[in-house]
């Protein structure tokens, strides 16, 4: 039986590259893949998914109010696998719709994304995936200290780690770095010792 | 470096037996273990943790308002490992306190528990563990159909699966059964076809 | 589809307890289990499998020249799951027979055992399981230093680690200890520095 | 502490892409990587490692008689990570040398490769990695039937699956396909039913 997969990892762990390699592998076996990406505006469309290492592919963009089950049923029934990049931005309802595709069509759905934001809180899509995914695996990456990175630290222009702010900050990954919890908490202590409260 | 571990599984997957075996293994290597269990009332105390297969051990019960970091620091600094059974009932603050024990004392903390309730929603303690644990692993079990069980179905006295109610229903495990999402949704459909809405 | 599972771990990692808990879980779901154990002599029989933590169960003992596929087909077709304890002592042919049970009867076969001997060489049964098992997972345990234990060190009566000898040394587990590779190699160095070559 | 990692998978599971992504991730964190590849002739040299999806990188080629510990110590002490592609072609001695680099320099060594040949037998390098690696993980891929692929089937020019021959057949991957054990055994049966014994 097909499963709903959640493959989560910290910033810079190559989630997108993993998504594109998985797509490539299925296509090599002649299985057509639907690649989805949650979009931040309200229009359906296509967009290019790019990994930092240089892989890319066209994806179907789905806004938050789009019913993915209907989308699949009406337009993509020929696809034997569904892959979602940046799945943390799915709504919980969309995760349930993906879960229903798995059950009704016996099609595997693989979701790649972050689990937590820069304050170590789950994204809504990630929360729902932890709740109903049949397979939960971590894509590992390392902190600068060599330990496993689990926190997505956000930095301001002066290089201070931020501990408050909006969950989603449009404008890019250059302000994020994956760290281990230990180093992240040390940064906070060091900043607060200098009277910097972010 | 020590880690915070979340070992989650569905009802009847032998989480408690795993917790007790882990305790046994550490003690065989002469490492003293602190076994904790969240309590439902407001008194500290000791209680017996029992697994269905017949293993048991005394545990320190911690009510929701107890600071576990302080508890460890003041009374249990000699313990080289902390194990928590039924960790889904920890408060998010208590999970953070356990995470701080890991960092400040380099002591591994292993938390065993459910991830979701009978409506497939995360428990508060489980949510926080998914957010900050350095290691997340599933203890697997099977549905009656042979697939992996991921849903903790709750039943009423007539054997109907319940889809509404309080998250915590004191009075026992005999009303729960781990099922796969597919079988659980089929039960709902079958019940609703008979006009039964629970 | 059912799978052949190899769940390997070092001495003292509670492999047998895991095997017995797995048996218990399946039986709770009313699935009959065949528990097997390779025997060292040439007679079929029954024996008791015991874990150090106190669990035990009767098992069917199979000598090295017994065809397990025939045994299952002729006597145990009603068993929906096969569990093997001490699977490192299976012959490669017996592992293939178990693999054929998986395929022909769609019955899961779960093998629990050591991967390597005291010289870090694979046992014949473990080698074949690494070759054909559809699922390979490690049951982890810790070295006295806190690192993951992967080597099954053998000791002589004076407490020296042994680096030569027969692969199977009947007479008990009291002469073994799971260690990490680092500590094990340090022991060797320390002994050799004292002129002790074992 | 650093570990020796064995990341094994069947043909076409993107092992090389995974090796190159891992290299990229470490380099993004400013950790210099030594990428090695066992060579089939007897000269040291450099070569290009290429994945089917289009990633590539220069690698240091090591012949079977090269001492990798000495190579690292003499020429590459500045590298903080060692990654090996096609690790199944390492000699057991070279795997031990890599294991010694891990211990003596606290440098992680990540080995990517096949576990078994077209007859489901371990390669010498893979066998030694199963014996001493501190971390063993599978890179999964799918059979054409949708099940997990675990066998590397070899085909002749007429498209028959081969069940005898040399372990290493130079001349390319185009004659291999990853399959599940079930489909692979069915191929054998079907061929033998037609009187074809390969």
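Every chain is named by a letter (A, B, C and D) in the order it is written, and numbering of its residues begins at 1.
Operating definition for what follows: contacts are C-beta pairs under 8 Å (C-beta built on N, C-alpha and C of every residue); 3 or more make two chains touch, one makes a residue touch a chain.
Owing to the predicted nature of the structure, the values given are computational and were not obtained by experimental measurement.
Counting only chains that touch, the fewest steps needed to get from chain A to chain C is 2. A straight line joining the Cα centres of chain B and chain C is 29 Å long. If you average the Cα atoms of chain B and of chain D, the two centres end up 39 Å apart.
Taken chain by chain, the contacts form a single closed ring in which each chain touches exactly two others.
Considering their complex, residues 12-14, 17-18, 20-21, 24-26, 28-31, 52-55, 141-142, 144 of chain A touch chain D. The residues of chain D lying in touch with chain C in their complex are 1, 99, 103, 115-116, 120-122, 127, 130-134, 136, 138, 147-148, 150, 180-182, 185.
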